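Both complexes shown next keep chain A, but they swap its partner, so chain B is in the first and chain C is in the second.
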Partner chain A sequence: MSAVAEERDARAPWALTAPALMLFVGVLLIPLAMTVMLSFHDWGQYKGIEPVFILKNWQEIATDPYYAEMFWRTFRIAILTTLLTAVLGAPEAYILNRMSGRWKSFFLLVILGPLLISVVARTLGWALLFGGNNGLVNKLLMSLGAIRSPIPFMFTETGMVVALAHVMMPFMVLSVWAALQRLDPQIENAAMSLGAGPVTIIRRIIMPQIMPGVLSGAIIVFSLSASAFATPAIIGGRRLKVAATLAYDEFLNTLNWPLGAAVATLLLVALVLIVVGSNALIERRYAEVFR
Partner chain B sequence: MRRNGPLALIFHTIFVIVMVAPILVVCLVAFTPEGFLSLPTNGFSLRWFRAIGNYPEFIHAFWVSLGLGALSSFVALLFAVPAALAIARYRFRGRDALAALFLSPLMIPHVVLGIAFLRFFTSAGLGGSFAALIIAHVIIVFPFALRLTLAAATGMDRTVEMAAVSLGAGGWTLFRRVTLPLILPGVISGWALAFIQSFDDLTMTVFLAAPGTETLPVRMFLYIQDNIDPLVTSVSACVIAITMTALILLDRFYGLDRVLAGKGDPGR
Partner chain C sequence: MAFLELDRVAKQFGAQTVVDDFSLVVGKGEFISFLGPSGCGKTTTLQMIAGFLDPTRGAIRLEDKDLTAIHPAKRGLGIVFQSYALFPHMTAAENVAFGLEMRSVPRNERAERVRAALAMVGLAGYEDRHPRRMSGGQQQRVALARALVIKPSVLLLDEPLSNLDAKLREEMQIELRQIQRTIGTTTILVTHDQNEAMSLSDRIVVMSQGKIEQIGTPQETYEKPASAFVSQFLGKTNDFAGTIDRTATPARLVAGSWSAPAPAGLSGAVTVSIRPERIGFGDAGLGAKVVTRIFQGNHWLFQCDGECGPAIVIRQNDGQPQPTEGEAVHLTWRPEDMSVRARTVA
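Up next, the complex of A and B:
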């Protein structure tokens, strides 16, 4: 290849990515930077937004226990949702993987399909199932004798966790499913031929190998749950606020944009730190699996 | 491999029922003949589907969503196809950083994106406009468009291209007559997945939509905030039916696990 062609080759990738790069800098990075700056602006009921540099919003978030409680609620719901999806989603992915071809693809469609169905519609479904104290879920649980008195689901954290776990479940199943595809089924047979029982096989053979899948699924579920909006807004109602619904309120009801921007910035920074940190931990711990 | 035991199958059955129940209950309640939320115990009725016709807001929102999804996915592909070809074929400095930037809308919470775009477009004098919605949706669907195009471009047989070049094809002709047809299944699936993502987005759009540019999820959300009645279930049932149709087509055409697993991640 001639020197001219090589030089053209070196420029080609940049020429091809330039439009997308300009788009991302212009309408993603700049708006994000503007939001961070906005969180340092002042705001008053009558004067509106004042473009000065002030720490007022950050001080308010740091000192007012309302925000500590709200962020703690957000992360508590996200953690419980993550645990619920891991405990139920991982075994389901394993069971799915052992099914035969036709059934496997059918149930994969049934379980992953909801991922693409409107979150509003799915959450509406839970609102209908919960529906007050004599909703279908409570009626079913009481007729099965699982509970004596109805559990309040609407406008509670319990309800939010159940509905969120349903919304996030496909991500967990998908992630564990991907890990199972890398697993050699012969190892299971080898363990069996050496006399290992089903419990030992799951604990010593399957679990260690799908753990990276469970953990990477957990990261996705956690970060999506912590920033979820539709489900907490519909199931949680107007009083039980999480970070996303609070930011929405500040922007579109109270109109205190700088404070809303501070809440959003804090959520973004906290999530990026948690996700990047746990990714690094997992990759170090399971370096041999990813290799 | 061993078969699933009875306990595993019981677990599986309950799991699938719980996954399907909320979606099923919405579709069932939509057919209620009563004036309030209830399962249709005495007969099915289409009255709540007919009632949608009396709410032009829902119809209008549907067209906004449809146009927005189709257009923003198309624009995203205009940017994503060249970028995917560059990332798939060249090893250049900054390649990984670029790929990470292009996939970053998946990592950033949509509520943060909504706030950032609201601030940005309001300062630019585009607050609440359809143009602002299009640009914002191009950003959020871009990773999906990129990933599937990237997977197609990476898996493509390049000898066909070389044959075309040896026969004198080059530049635009090469792309239009050889490269594009070869990656077209990936491009179309990328468009479809991007469309579904745009069509379903609530969290970001709720910050940007103004009366007149409200999308269907936003209209449904605002309606539910006030009260839940059978009307919103029949609208939801229609949305579910549309998505299911798209989903089955996508599965037949490309394979759902391939679409969702995103095998196009660079470096994997």
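Up next, the complex of A and C:
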């Protein structure tokens, strides 16, 4: 092969990936870099944005306990949502996997169906059921005399966790489902023939093998929940802000873009660190199961 | 003496009968093979013994106790699965130890038995390996050690060697046989490989479409096949159409220009079944022409066109001159080497 041909071969992969690469740089890297830069700019009520390099926004976030509380709330909600989806979703996937043919496809559809409905519609559904005195469930329970005041749901963290868990459930179920597909179909019989009962089989044989699936589902659910906007915006509104709704308010209501950019950047960096870190941990811990 | 007994066992999936009228008596320490083509119900039968499937009809008894009434986890059988079904998150030693843990064997004894079991299958030093870091042959050995360490009353093997390459499979066959001889565990092996069944078993159960075709020693099933299916399935065979003439005295069995005194019992149209290595070339007998002659080192393989259809002949390469292609020959064999069955004339 001639040197020219070799050189062309070496360039070919770059040329072929160029369109996708340009799109990636154009719509992701450049706006991201601009957001990071924006977070170092100054802003005033009357002067607007000033393109200077100062640490004012970052200092404000670091010193004002309001931000610490808000970020802590964001991650607390994301963690609780993740736990709830894992605790409900893993058994759900396991039961689903044991069902026979027709029921299996039916219930898979039931689980995945919500993905076809907008998050806003699904969250509003919760608001209709539990929204204060007029919520359907609250009204029913009150008229039955079961409760005296409506169950607090709107503007509570519990409400946000429940609604988010509902939205995120399919991701957890699918992730555990994928792990279950990799199990040897005879593995439970093998354990049974060695004398293991049903509880032991689940605890010692099934759980350890689907753990990677639960954990990768957890990473997806956690990062989506921590950066979720629509559900916290509807359930929490202005009263109970999380990082995403706060950044939105800074951008569109206060018009303090630099501060909003700083909040968004911090959320992104924290998420990337958490996700990459836990992924590395999981892969090391479960190297034998993954391969 | 009956150790394990299957009494007219049947299994239906919906309307489909997968195993039917399966009766077998296994003696203690015996090595039995279920041999048959894929889909004939071997695994289903094995799983009924293991307890993963319930028989639709019939009884399974172990030492005269009804086995079907015992939960699979309590049957104490050792099972090696075709896919091995090792626990991928446990090391080889942990895999082998699992059954002992379930039996609450004390820690010290457990460690000692695990070590001994792994050593027996030639895996000393592999205790801390995970299954996915082992070759197919090594995984197979771990599966065998895991099944044997619990001292099972019966060892059930479902095509344990079918995922190994030919050379390794032969090695494992010899090893499996030696291990089984040493520890004397009653063993049932499921296979579709007639060589495997013949080289390993005391007796072979030949199955076809859920039914038993023949039960017998490897030699019996090979040399006295009870049906056309058995003779076809266990190696190459020649089937010649013949007739038994009871009007002649003494009665004679005739196939083309070959004839012999008729065996007792049958009369009319019969099929004469004869293994290729039992046919010789002679001065008189079934007329044939050699079509191809293939040299295969220790033997010659002849494909002939005979009076009663195509015939295969295998001759030892004993240095004697052999017929050449195109030569007219006569095929002869000793009457005791053939098996004769009634033939339904179409």
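As a convention for this text, the second predicted complex is superposed on the first by the 261 of 291 C-alpha atoms of A that agree within 3 Å, B and C clash if a C-alpha of one lies under 4 Å from a C-alpha of the other, contacts with A are read in each partner's own complex, and residues count from 1 in each chain.
Please note the rule applied: a residue touches a chain if its C-beta (ideal position, glycine included) is under 8 Å from a C-beta of that chain, and two chains touch if they have at least 3 such contacts.
Being a predicted model, the structure only gives us computed values, none of them experimental.
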| item | value |
| --- | --- |
| Joint occupancy of chain A by chain B and chain C, clash or fit | fit |
| Partner chain(s) touched by A:I234 [first = chain B, second = chain C, both, neither] | first |
| Which of chain B and chain C A:S193 touches, first, second, both or neither | second |
| First, second, both or neither for A:T35, with chain B first and chain C second | first |
| If touched residues of chain A are counted for chain B and for chain C, the larger one | B |
| Touching partner for A:M99 - first (chain B), second (chain C), both, neither | first |
| First, second, both or neither for A:L21, with chain B first and chain C second | first |
| Chain B versus chain C as contact partner of A:D184, first or second or both or neither | second |
| Lowest inter-chain C-alpha distance for chain C and chain B in the superposed arrangement, angstrom | 8 |
| Residues of chain A contacting chain B in one complex and chain C in the other | 185, 189, 192 |
| For the chain A and chain B complex, residues of the former touching the latter | 9-10, 12-14, 16-17, 19-21, 23-24, 27-28, 30-32, 34-35, 38, 88, 91-92, 95-96, 98-99, 107-129, 131, 136, 163, 166, 169-170, 174, 177-178, 185, 188-189, 192, 223, 226-230, 233-234, 243-244, 247-248, 251-252, 257, 260-261, 264-265, 267-268, 271-272, 275 |
| Chain A to chain C touching residues, read off their complex | 184-187, 189-197, 200, 204-205, 208-209, 286, 288-289, 291 |
| Contact footprint of chain A on chain C as seen in their complex | 47, 50, 52, 72-79, 81, 83-89, 98-99, 102-103, 130, 132-133, 146-147, 150 |
| Residue ranges of chain B touching chain A (in the complex, touch as defined) | 1-4, 8-9, 11-12, 15-16, 18-26, 29, 37, 78-80, 82-83, 85-87, 89-90, 92, 95, 98, 101-102, 104-105, 107-112, 115-120, 123, 135-136, 138-139, 142, 196, 200, 202-203, 206-207, 217, 220-221, 224-225, 228, 232-233, 236, 239-240, 243-244, 246-248, 251, 256-257, 260-261 |
